[in-house]
Amino acid sequence: MNVENLRQTLEKFHSGEISLEDTVNLLKNLPYEDLGFAKIDHHRLMRQGFPEVVFCQGKTVDQVVKIVQNLAQCNNNILASRATPEMFQAVKEIVPDAQYIEIAKMIVVEREKKKSGTERFILVMTAGTSDMPVAEEAAVTAEVMGNSVRRVYDVGVAGIHRLLAQHEILQAANVIIVVAGMEGALASVVGGMVAKPVIAVPTSVGYGANFGGLSALLSMLNSCAAGVAVVNIDNGFGAGRLASIINQMR
Amino acid sequence: MNVENLRQTLEKFHSGEISLEDTVNLLKNLPYEDLGFAKIDHHRLMRQGFPEVVFCQGKTVDQVVKIVQNLAQCNNNILASRATPEMFQAVKEIVPDAQYIEIAKMIVVEREKKKSGTERFILVMTAGTSDMPVAEEAAVTAEVMGNSVRRVYDVGVAGIHRLLAQHEILQAANVIIVVAGMEGALASVVGGMVAKPVIAVPTSVGYGANFGGLSALLSMLNSCAAGVAVVNIDNGFGAGRLASIINQMR
Amino acid sequence: MNVENLRQTLEKFHSGEISLEDTVNLLKNLPYEDLGFAKIDHHRLMRQGFPEVVFCQGKTVDQVVKIVQNLAQCNNNILASRATPEMFQAVKEIVPDAQYIEIAKMIVVEREKKKSGTERFILVMTAGTSDMPVAEEAAVTAEVMGNSVRRVYDVGVAGIHRLLAQHEILQAANVIIVVAGMEGALASVVGGMVAKPVIAVPTSVGYGANFGGLSALLSMLNSCAAGVAVVNIDNGFGAGRLASIINQMR
Amino acid sequence: MNVENLRQTLEKFHSGEISLEDTVNLLKNLPYEDLGFAKIDHHRLMRQGFPEVVFCQGKTVDQVVKIVQNLAQCNNNILASRATPEMFQAVKEIVPDAQYIEIAKMIVVEREKKKSGTERFILVMTAGTSDMPVAEEAAVTAEVMGNSVRRVYDVGVAGIHRLLAQHEILQAANVIIVVAGMEGALASVVGGMVAKPVIAVPTSVGYGANFGGLSALLSMLNSCAAGVAVVNIDNGFGAGRLASIINQMR
Amino acid sequence: MNVENLRQTLEKFHSGEISLEDTVNLLKNLPYEDLGFAKIDHHRLMRQGFPEVVFCQGKTVDQVVKIVQNLAQCNNNILASRATPEMFQAVKEIVPDAQYIEIAKMIVVEREKKKSGTERFILVMTAGTSDMPVAEEAAVTAEVMGNSVRRVYDVGVAGIHRLLAQHEILQAANVIIVVAGMEGALASVVGGMVAKPVIAVPTSVGYGANFGGLSALLSMLNSCAAGVAVVNIDNGFGAGRLASIINQMR
Amino acid sequence: MNVENLRQTLEKFHSGEISLEDTVNLLKNLPYEDLGFAKIDHHRLMRQGFPEVVFCQGKTVDQVVKIVQNLAQCNNNILASRATPEMFQAVKEIVPDAQYIEIAKMIVVEREKKKSGTERFILVMTAGTSDMPVAEEAAVTAEVMGNSVRRVYDVGVAGIHRLLAQHEILQAANVIIVVAGMEGALASVVGGMVAKPVIAVPTSVGYGANFGGLSALLSMLNSCAAGVAVVNIDNGFGAGRLASIINQMR
Amino acid sequence: MNVENLRQTLEKFHSGEISLEDTVNLLKNLPYEDLGFAKIDHHRLMRQGFPEVVFCQGKTVDQVVKIVQNLAQCNNNILASRATPEMFQAVKEIVPDAQYIEIAKMIVVEREKKKSGTERFILVMTAGTSDMPVAEEAAVTAEVMGNSVRRVYDVGVAGIHRLLAQHEILQAANVIIVVAGMEGALASVVGGMVAKPVIAVPTSVGYGANFGGLSALLSMLNSCAAGVAVVNIDNGFGAGRLASIINQMR
Amino acid sequence: MNVENLRQTLEKFHSGEISLEDTVNLLKNLPYEDLGFAKIDHHRLMRQGFPEVVFCQGKTVDQVVKIVQNLAQCNNNILASRATPEMFQAVKEIVPDAQYIEIAKMIVVEREKKKSGTERFILVMTAGTSDMPVAEEAAVTAEVMGNSVRRVYDVGVAGIHRLLAQHEILQAANVIIVVAGMEGALASVVGGMVAKPVIAVPTSVGYGANFGGLSALLSMLNSCAAGVAVVNIDNGFGAGRLASIINQMR
């Protein structure tokens, strides 16, 4: 199922080998497989360079297993986010080479290690220790998608010298992911220190008037530093995916 | 207890057979039965074509049983939404032909199957697999109320080809229910593809800045496609009920 | 009208010179004067060391004039905040030595210059140029209340070197007022650099998701730096007043 | 004022030519110029590849003029956003080669046209006509910073065929900026069609439950398409700046 | 430009009369016309039974004129909502048969009066007099789209007898639009009285804790009456459009 | 049009003097008069002891005039709230004995002065001078409805002695209306000092994080003093009306 | 501990029997007892006619027991709200005549039954069955404070005939408490039917866009019926207390 | 690791003893220790007078243990907030002299008791008993940091005499911390009674429309008493830290 198949189908139609009806049906059915409760987007590898990633939250264990099983038949690398240990156990019985990254709550199947040069790396930073689960979701995502990743954790702005000491790695990084809860100020300070794309991930870490991550979210959206863009609260996956796309541009 | 009863009572009053006092009392007591903690609206079948539907959330098991029991004495078809398995077990002991649709959390008594032609059908769509419980609440509601229902699940806009492939069924449907969480964009895209009533159901599926369904709700309310109306977050029942009313108009 | 008067009244009552009724009436009427639409709190100088400050917003020009006039009879120094130029013109006709600080929208009468040593000074900082009106409200308030004030404006965190260059003045200050809109990150960074009380003033400067100052407010409340407390959005006066109280503690 | 100056200063210090005190003072004063109400960040060109951009909103005409004048002495290209026509008139008297892009409310001085190849271009899209002012702010920013920009306006999802017809330009673009108000669904659909970085700009276009752009903002943050990041409501400048950074990476 | 054109183009392509390239170009360009700032969706009449409706808010007078002019070349009936009198004056010079419905702020061109039987009518109700502008936007929309409309205004629930007196017209209506601000309770009461589709339009009428229509919006979304769906605050047009679609179903 | 008429109509129906049809029509039309844009609730005097009060905000001058004129034909006393001076001028030409209470923005017609004993009085208190317009709306409403009203203004809790000095009048009052903006703390303190019904009116007086009166509203709703109930922000009329109902109970 | 004690103390001071110091100490200590973690307000019976009511939520079992024990020494009647069964068990061991009203989560000690005439009664209404716990908290509070209470439950506006059938009891009631979740419309309809004080209690019953009771709260605050005041969400106690105060006025 | 070390390092660099590279490395590494998941800020004692305080929420037991262990090697006094009993047990095994203050959820190591005079004390007040955990967090923080603390609990404004009775201790205090949930009015009343810095801590105590502490937060931010500043909801630590800084100023 690739671009070549698609091209052949279209040529067959034009030469009259297959009818309009058949062509439409082939094209319609080609790019995804319908499990009833889910439509696996097999087209995504072709369209976006990586297979569909399974968002496990809100799905039953049974649904997750069936989707991963289906993806595993056509893809070498699979990623499932927000997976419970229970989901992983069930998946592992069907896909024995699946691994579980506990802190990131991710199931990973990585049969074909994408090679990545270390000179173009993504830097993942956190303001605090409690932001690590989200940061690791971002880091694992980027790594599985074939990027070199470096981590600098717990450099929140209340001890600015800890951040300033990272000056060199900041200048060396190609894309920077900043993960921070509470007031989320780290994104602005980093954004002002570099001329790199900064992807800010607000986290729900905090209490009281952080309102589940709202404080960090608003803070990052209002960053006085240009060059900062924001993803959803706790959305490490989205940040990792976007960083990967940018990092692999030439 | 029907329109004929009502007419007879009024005629008796006018002819002097019964006094004003008695008439008022009959009329006042007629349309509902007072269980103390609940007033069963027996008038609803007459007024709206389907008996009162029991919203179980916030009621005790005992209250649910008593209400269903009371309804079962006068009605062939009964629907109870947001019911727990425990509630169902207790109801089943009293009303043995009750069924439980687990995914939709509904108790159904369907003694008199309403016939529904398949040419006028309601289409229930979801953006993702996790939206299914809400979608099934809508679908079951519409089916029990006598409509033909078809389901198309997991056609969110991030893989627009999955949606475009549904073009035919979209054109064939009479009313469309769109169930989506996260950014809820499916409602707008569908709304722009058809000239049918689209009932949008935002769901609480998502995390972070979806704020319990607020993101999908606001998105659907601000839909740039005309012809879209919205019900409460996760309100599958309301969507199914409204779709049924529209579908049965002539 | 001072503590001495109060003591004398109480002693007269105990010695029987004046009755209970008369005492109560004296005490009740003493500490404020009733203009009908306002009760001037003449007690405040005695209780809090500075006369009542007039908050002009929402008052008519006529009300402001009458209140200032009344205060001017008993006090040497008067402060009125959020005053329009029109209010000032009207006040000036009655109280000729009144002055208007346009950027801070304040009317000031300062007949008895409080002396303040420069070794204990309050530092007022802003993140941007647009925060100046709020900062000046704070600075003028603190100055009129007898404090030495120094200003450092436009040192937002997007150019962190501008802030780091203020290291000396930060260490020398006794109390620090940080005025910032947008993401309000300056408060956290400053809070982490010093062991001084930091009073954070969120401003409504910004647009979009700053929601009238909400972003800076939440950011400052969630500051990861301890030692930071927050006043209302744009409340320069409150910050200046509190800084003055702290600065004058011994 | 450039990296060479900085190096020389440091070397002089080490060789003893200048004292520690003098060095600190030079370094501290070097990177910005203090106008009192503003600290011009002359360091930014060196640090981020483009001089400080003037955010005019909330500044007086006089302040804008002085800042632009100061920047114009050291820089060839200047950008001022959210400028009123009145501000432009005042600037033009001092900096005669300044231009005003009315729809984007930007003042531009462009003495040294940065050359940009057209093969790597930024695509700016809008959902509706009313989103154009924000889109133009993004486009002008990117152009002045040396990027080739192409525009596709009014392709909101309610007429999905208008968007699908842009398939080729979407595939050809290097970075995509999606500007949309109301329900902001365009970002998700575009995000699912490409494997490019998508920068989503929610706008305040709409009414009622869009709450000043909140609906589009939440929608974009909750996008079911990975690879989408969001900037502040109506923040065309931020999107243009980030797109430029990404587009110029190699 | 209609379905017939489309069919012919496709047949020509299959027979080889026109190339793939040409076909794609024709299809791509066919359904909309690109004015640069706007893409007129000429396909909409074909797809949804009524031409694109111009939402004037946020557009310049010049843009509105050009769009209406363009639409007027291919369509008999045109509708423009949220138009200012100034916009109307400019349109009228180009399209002399345009009319302005002041209370609804709509520009109407109605060259081909759609006939509508009066037996199937849409009922538009308001809770108060101040809700009339929104109600008229709904009513005019429905009328221009070929529906019979009846109006019942100022029947808010604080005088429930005024509403009960409308019993007959409520039973006779085919679709009901309920327009209400403040607490928006009218939708629930009406929804409980009928077995018709009820489209609820919250309005921004009110003050204080109605927060721009939020109170009525939440109230209507939480309606305890099934069969009620909601559109955006003040969105009379959307309600009228949806009511028209439902009313014209058979 | 009074209770006697109603009784006669019903008796005529029962005796057969008038038909059922006629009776229904009489009863339906009796209690309100339909002006098209408004349905005057003439029934209200009978039902609630005071004629319908005109809420002018959102109505045109012409509508206000017609409603007042209509009410003036059947009622001795009329009240119109949130009226502009322009509305008053237009009303005065038709109803020459109308008066305008500027601070309360009310039009009053008071032909039959209701007598009210002074021993049972309503006390209206404000926290600040700026709360007076709302307080006067409450006071005028209560007075026109036949109550004795006393006013105590500017006794906010920041000078608690000003409030404590009101101890006697607080104990003497029958019902207390507390009008306060900002943090609205006055309601709690007063609520704890008395065993009288306290009606709290939050006002929009304040700025920043008062969010249009939200702070006072939430504060009053969360009052730790029992016996306090709250009306809408700035709703002086509602408070006056409720206080009048309570004050006139026996 | 009553008013007589207070008077005697003051007279002794004036006659010189006790010193100023002693008097102040007596008065200061008299009205409350300090348990360290709580200050029992023994003054409240004197000041407000009923002893302090214990709000158990957030207190430890041990704290509740100690407070009730302390109150029981001086008072005949005690009320504790939001008490868990565990708290009740612990209290019962110390205060054996304590009772637990499970549905209302209240502990009641009622040694001296206050007599209440039935002719002046408080009516407690609910929109649904799920609102009963809050309604019972209100009803029990009012009963223990010596009022006659009548209950009418499950008369929500979706079946308006159920409410209209309560016409007589509505007219007979002295004060009405309306308890409703979801859209809270019952308060407005009832408020329009009577000229009695209506105390509206929004409940958190509902889901989705009811946001924990916000929808009913806003709805009730914006009620188009005058004479309605609102207490906090789920605050049955507050409503019962206020109704009691009003009901016992003469 | 102290200021002396720092000075020596800098002098060695200038004298040529160590190279620029070495100096930078020493300075960079000096002030914090990198555990990978956390960067212990050993610089803080030097910079702010007290070692870094461990915020345990969101950290694993293992992380807390390692951080405390690391801190314990260089510091005499350690504070960890929001610690669970489980965390304490694990810490105690490594640091046997650690203590657990259960009500405040704090782990304390206090090897070097800081002496504090009692004449300068911090007063911690609460409105209710349920606010005690937050108040104790503040009190313990201030005590461990070397301050004398006095507590006055349960003096909410609904019984204002309980507060007025604290007049002497209020006047004697040097800094006042006011801890209150619900409507948070205590801060305003206290703020008006003293000329001391008042640090207000809103708590999440309450229900319904307190929205997790929002009501108290907004109330305190809008305090009509100047001299009040606010920290995050439930942030006892922050209040204690700031009070300590102020109390130790000379």
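Lettered A, B, C, D, E, F, G and H in written order, each chain numbered from 1.
We take it that contacts are C-beta pairs under 8 Å (C-beta built on N, C-alpha and C of every residue); 3 or more make two chains touch, one makes a residue touch a chain.
Everything numeric here is computed off the predicted structure, so don't read it as measured data.
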item	value
More contacts between chains, A-B or C-H	C-H
For subunit B placed onto subunit F, the superposition rotation in degrees, Cα atoms, nearest 5	180
Subunit A and subunit C, separation of their C-alpha mean positions in angstrom	49
Subunit C and subunit E, separation of their C-alpha mean positions in angstrom	53
Subunit E and subunit F, separation of their C-alpha mean positions in angstrom	38
For subunit D, residues contacting two or more additional chains	128, 159, 193, 208-211, 214, 217, 221-223, 226, 232-233
Touching residues (chain side subunit D, partner subunit B) in the complex	127-128, 156-160, 164, 182-185, 188-189, 191-193, 206, 208-211, 214-216, 218-226
Interface residues, subunit F side, partner subunit C - complex	128-130, 132, 153-155, 159, 161-162, 165, 205, 207-211
Residue ranges of subunit B touching subunit E (in the complex, touch as defined)	47-49, 53, 174, 193-197, 199, 217, 221-223, 226-233, 237-239, 241-242, 245-246, 249-250
Contact footprint of subunit E on subunit F as seen in their complex	28-29, 31-32, 36-39, 41, 43-44, 52, 55, 57-59, 63, 67, 202, 204, 212-214, 217, 232-235
